[in-house]
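Labels run A, B, C and D following the written order; every chain starts at residue 1.
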Amino acid sequence: MTIDVRLLTEPFIPGTFIGPFTQAHPGLGGVCTFVGEVRGQAKDGGRVEALELSHYEPLTLPGMRALAETAALRFGLMGLLMLHRVGKLYPGEPIVCVSAAAEHRRAAIDAVDFAMDHLKSDSWFWKRELRDGAWHWIEPREQDHADLARWR
Amino acid sequence: MTIDVRLLTEPFIPGTFIGPFTQAHPGLGGVCTFVGEVRGQAKDGGRVEALELSHYEPLTLPGMRALAETAALRFGLMGLLMLHRVGKLYPGEPIVCVSAAAEHRRAAIDAVDFAMDHLKSDSWFWKRELRDGAWHWIEPREQDHADLARWR
Amino acid sequence: MARLVFLGRLADLAGGAERAVAPGPLETTLAALPVELAVALLDERVRIALNGELLAEPGGIVLAEGDELAFLPPVSGG
Amino acid sequence: MARLVFLGRLADLAGGAERAVAPGPLETTLAALPVELAVALLDERVRIALNGELLAEPGGIVLAEGDELAFLPPVSGG
């Protein structure tokens, strides 16, 4: 079972990671992949000019690794790929990519669902949006708690 | 909202479809993709030398299109890509690819889950495996009914 | 002539994916087939499609010139 | 010297992502900060990590030479 977790500081093309990841797991039954992109539309309908993600090195990557290991064990994966951008991003750029390889499709799909809920709500990232020339911090949402509660 | 449904008679590389599909939906929040591959291991543990999928032209593709439209409406998708191989396949080859683009991740992930359950259990495909030099038809599984019942 | 189309394992039983038959009532056509095949075609889990349209009720079919009648056993699943 | 690290909106309040402080009890360090910042750092939703390890109980911290103490407000979510 292989786990590949990375923080990326530059724009990336998910396919360049997913192709080799899939190739590395002969015998798999299925691969589920989620790619999230920066949306140009803010929650209040305004236009997002940029998004900046900050993290705390000593916690963020170890936290992602622990999450990846938990997901891999819980769903009996053959492999898990977890990529997250940090730094300044622009609308349309990939911000997160999670790919799970498993013998059966349900494990792969559920693992991606689980990993995304936890990455989004329970990982050490702080985000702010540039709107109308000013930076605005993004607060936690009520929905995040509901998302996590699904897995308890 | 765009729907792209195809039966493919030759081996395909999912990335060559998913890349353009993603590009075609600016403003999306996330894309979830499932790719299923032919497994070399049979359910009884034996080795699968090849898999042959037959279909019935007048029903199979229209059925997939109807499924794609149902999923796109149910989950409010921006786009849905649904590819399925027919003909003779070998272990490691992609057999199915479903990719859903949506504003929010839950819709994309759930749509793929829904589409895969229905494609696997409720679509007009007949499969037989070549094991030890002899072809064996694959029967419906009890699990298939349970998979579909999740969505009722 | 009309055509019968056999999907999945029914094609094995029929010795081919298709068979040309004379137009007329389906009962007459089936009566002329090998018994084992006719019984398999009439299995209640086998769906029937006439010219690409699934039939809700398979009784009373009369094949016309050029008709295609497909016999669809349960699909293979996941 | 020791270092305080401020994440998220706390960095805005602190006027920077880091601040060098003299070793000693954290209470003393906080007392020397602007009141608004000190209050924000002590918000019960702010987690504290000493040298990369989350602390379960933030009371009684004494900063040693070279220590890094990070203040982590709630993460941004989905």
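To be clear about the criterion, contacts are C-beta pairs under 8 Å (C-beta built on N, C-alpha and C of every residue); 3 or more make two chains touch, one makes a residue touch a chain.
Here the structure is a predicted model, which means the values were calculated and not measured.
Ranked by separation of Cα centres from subunit A, the top chain is C.
Centre-to-centre separation between subunit B and subunit C, using Cα means, comes to 27 Å.
Averaged C-alpha coordinates give centres for subunit B and subunit D that are 51 Å from one another.
For subunit A, the set of residues that touch two or more other chains comprises 105, 120, 147. Multi-chain contact residues, meaning those touching two or more other chains, occur in subunit D at positions 78. Pairs of chains in mutual contact: A-B, A-D, B-C. The touching residues of subunit A, counted against subunit D in their complex, run 54, 56, 58-59, 120-127, 137-141, 143-144, 147. By the touch criterion given at the top, residues 5, 7-9, 11-12, 49, 51-52, 54, 68, 70, 72-78 of subunit C touch subunit B in their complex.
Interface residues of subunit B, counted against subunit A in their complex, comprise 15, 18-19, 22, 26-37, 39-41, 92, 103, 105-106, 108-109, 112-113, 116, 120, 147.
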